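When the chains are written out, they are named A, B, C, D and E in that same order, and each has its own residue count from 1.
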């Protein structure tokens, strides 16, 4: 008799436990407001990407098309993957000193792991991470970017 | 090279055959390859084959600086990226004897506990998914998404953080951090009951996991299991309690130890751990000390000659970092004692003589992260 | 009020029209063509509707929207899928039993078509009023397992083999309690003909009239038929996390689509059986004493009643699938042999007792 | 339509499946790759033969099924005429199902219903 | 037992062992032949009870290998590091400790795979990570990428 009781009570409790789960899913079925899906390309305008999001490395240029990179290559050395290639040219300044000037700041987005150690390493704070995220291109070569704008030059710190 | 011993299909034993589960299988959560000898539905032997995503992190680290090696650790157990970074940072701090500011410690614990929550949530979802319940996966992602958004705001990434660095953390908290975490915890304290409704209390789920995959205490110790897997077998092994770091000793939380050792207990331990994590966050969120978020550490780190070992509690167990330094800027030898590697060892013992369906349940509750095993 | 004309008049009209133009042999042939087309259309339309419903139900239960891209609210998604499957190559694995491998989808689909014969969708809209209609359906639909076994065995794939074997054990077991639960109603109405069963429910559906035994039979029927359909929580034959795709692992392209279509057709059939036997077929919902209400209900066309109830059972089955975890093979069989079967036998005895005493309405 | 409908429906099913699969064969884009012919086993080559003798656990159930399926076949005609015959039929079937029930109990006690 | 007690205990029982100290753990350096008996006694002696092998690894010191066992006890919560030196670089061989700790199975497989140290009496010694077709042992210091592998 006791076994029989246990038999039926197990059936009852099983149904009860299943019913609680079904009630929950029905609750969400009947409350479409709980839906979290974002319709991505359509909601581009309202999409919230935090400022700190590490999307890609950019070289900061100001309005005079000047950047802060002194071609010291600290970032290149810090980068764990060899994402950054910096080429410099040696130029003679007016007072006869030889000075390294940035020629090309090559950044391979395809190899970047967004660890932001180059940003940490930069003594001039010349580079930063931007929160852009739609990086897909048709050719892998397009991911290799030259970050210094054409015609840009080093920020002259003496002015300040 | 001698041919390694492998299971060979026994032609003379009728009914037994060898089947490969993985590397491309929906229930292995990655590319784990198990060769399984079956008798009908019953599992006779399991042989794990690893290395499908072996990236040689230990070898690569030998040619990278300490700072650079840390970013690699995020990619081991990608669901406990913060903990992995923390272990390396703690080791460097121990070697260089750097005092970490209080604020940084508090931020670290907050981040780590949030990560633990996120990790367990994903585990919960995938555990349900492994047993054929699809909906829990999406419920789990609802909460995890919020945590990842918080990470995104402060750390800049969602998965591979590289946020905890030697000396502190990479950057300061986002202004919305406290507000969002509070909202999250408040929400999750309600939503965790849905977890009970969908899986914990569900009779089918209980029958699938109860009395399945017993890991006895002795075996668990002998196998070096750690984390929730070991704690479900009655072993107290929480590094946060045994070897506190980053100020865990000041916090009030309890280690969840249960002693039945079956799949369902492992499940319960993780659910309870989520509650404990929330409790820790509750204590800290209003009391984040002001001050620096990072101590000054030189750009290029050179650890003094010697051997170092640092362990932390990740979401899956004890992560040990063993470093042999010869005084150079790169580690001479670095070894990651990853929790999943040891927990994997348990699989072939506990899944023996169970059914294929049980294997999936056992793997779900062991919560293996394959990149962490392969490194 | 074209709907009030009834389908009998329409078929009669078509018959007369055709007879006017053609000789009797051609009339039969062209009628057969029409009926065949109608049946294929019914199956395809229902499958598309069910796939769409399944996706939306799943989506909404999981805080998602479901398909949204193809067509308005993703309504054309199923067609896009068919197009995709059409362009996919049908592969046959090396070492497979080629004949059985390519025969299996035919078997599975043909069987589910065959089971459609005795259903009455609306008054007069019935292909063949078989006097053993219910028995015929349960007999025919169990042939489907042969197709599944064929598919699982012939694929030369161990996952498929396991899936096929599981499916065999499972369908064979649940056949029993599905049959017993229908018998409980057959006892009460005393006929196996679908038409008679529906007519016997004009004063109330069996699930209400039959007291507890009928309700219990309905619950058992829903559980058993979910299991027979190989759907979650009983989807062991194609358990994704265990056997990747079970018996149809090796099928691709349109061959896979046939299995898919057969699964949904079987779902439809099972729901129709449930509707016919327990929920009154195309009979409207009546409450004794509320004449105005009953009259209002009569205005709703009968096929809407029928398909409404069918979709209710379909929804139940989908609801199960998107809520529960999967069972294990031994638990599945335990449920059948230790719970459903003994209780069904007892249920039959009770139902018989109630019928003899005349306690049902 | 009578029994002709069965032939019609069978014809429908075969025609529909044949048409669909045939269309698929026509429209599908075919490529050749040796890997395509391999049986899917998570990307690893199958070892040994697939068609092995299988564990008996499955077959035991089908044997018991046979017993009970025959019972159900007996029950159908009984169910139809139950109202007409009345109490006699009821008692008869009571005894009949009691025997079967005992058979089930026997199978249960013999652990035939436990998965091996 | 504390570090000092452990050291004293080992000095008494295993007088041939050498001792070191790192920031974290006391270290015992043991002869190859004595390894198994030392570990067995550490595991079984009730006063030490090192039942947990939480890490086992190897280091290549260019001229020799060092296999390192990190032991702990779940009852006393003390830790100990046992090191064993292997001078033979060509055919490094060592006794497996699978019979004492089951955890060693995977650890030793890994060490075999990455360092090429053979473990005798190991139940299933195989290249667990890299696979049989891999040539060379990557974590050795003289390993170069030139002699890889995989077609």
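The rule is short, and it goes like this: contacts are C-beta pairs under 8 Å (C-beta built on N, C-alpha and C of every residue); 3 or more make two chains touch, one makes a residue touch a chain.
Bear in mind the structure is a predicted one, so any value in this text is a computation, not a measurement.
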| item | value |
| --- | --- |
| Common touching chains of subunit E and subunit D | B |
| Both-way neighbours, i.e. chains that touch subunit C and touch subunit B | A, D |
| Most central chain, Cα average position | B |
| Most distant chain from subunit C by Cα centroid | E |
| Two chains sharing the most C-beta contacts | C-D |
| Centre-to-centre distance between subunit D and subunit B (centres being mean Cα positions), rounded to whole Å | 44 |
| Euclidean distance of C-alpha centroids - subunit A vs subunit B, Å | 24 |
| Distance between chain centroids, defined by C-alpha means - subunit C, subunit E (Å) | 63 |
| Touching two or more other chains - residue numbers and ranges from subunit A | 18, 21, 24-25, 36 |
| For subunit C, residues that touch 2 or more chains besides their own | 61-64, 158-159, 244, 322-324, 329-330 |
| Touching pairs - complete list by chain label | A-B, A-C, B-C, B-D, B-E, C-D |
| For the subunit C and subunit A complex, residues of the former touching the latter | 57, 59-65, 68, 319-320, 322-324, 339 |
| Residues of subunit B touching subunit D in the complex | 9, 11, 14-25, 33, 39-42, 355 |
| Interface residues, subunit D side, partner subunit C - complex | 1-6, 8-18, 20-21, 23-25, 27-31, 36-42, 46, 50-51, 54, 58, 61-62, 64-65, 68-69, 72, 75-76, 79-84, 86-87, 89-90, 93-94, 97, 100-101, 104, 107-108, 113-115 |
| Parts of subunit B lying in touch with subunit C, wherever the complex brings them together | 17, 19, 25-27, 41, 128-135, 137-139, 142, 198-199, 202, 204-205, 207-208, 355-360 |
| Residues of subunit C touching subunit B in the complex | 58, 61-64, 158-159, 162, 232-233, 235-236, 239-244, 322-331 |
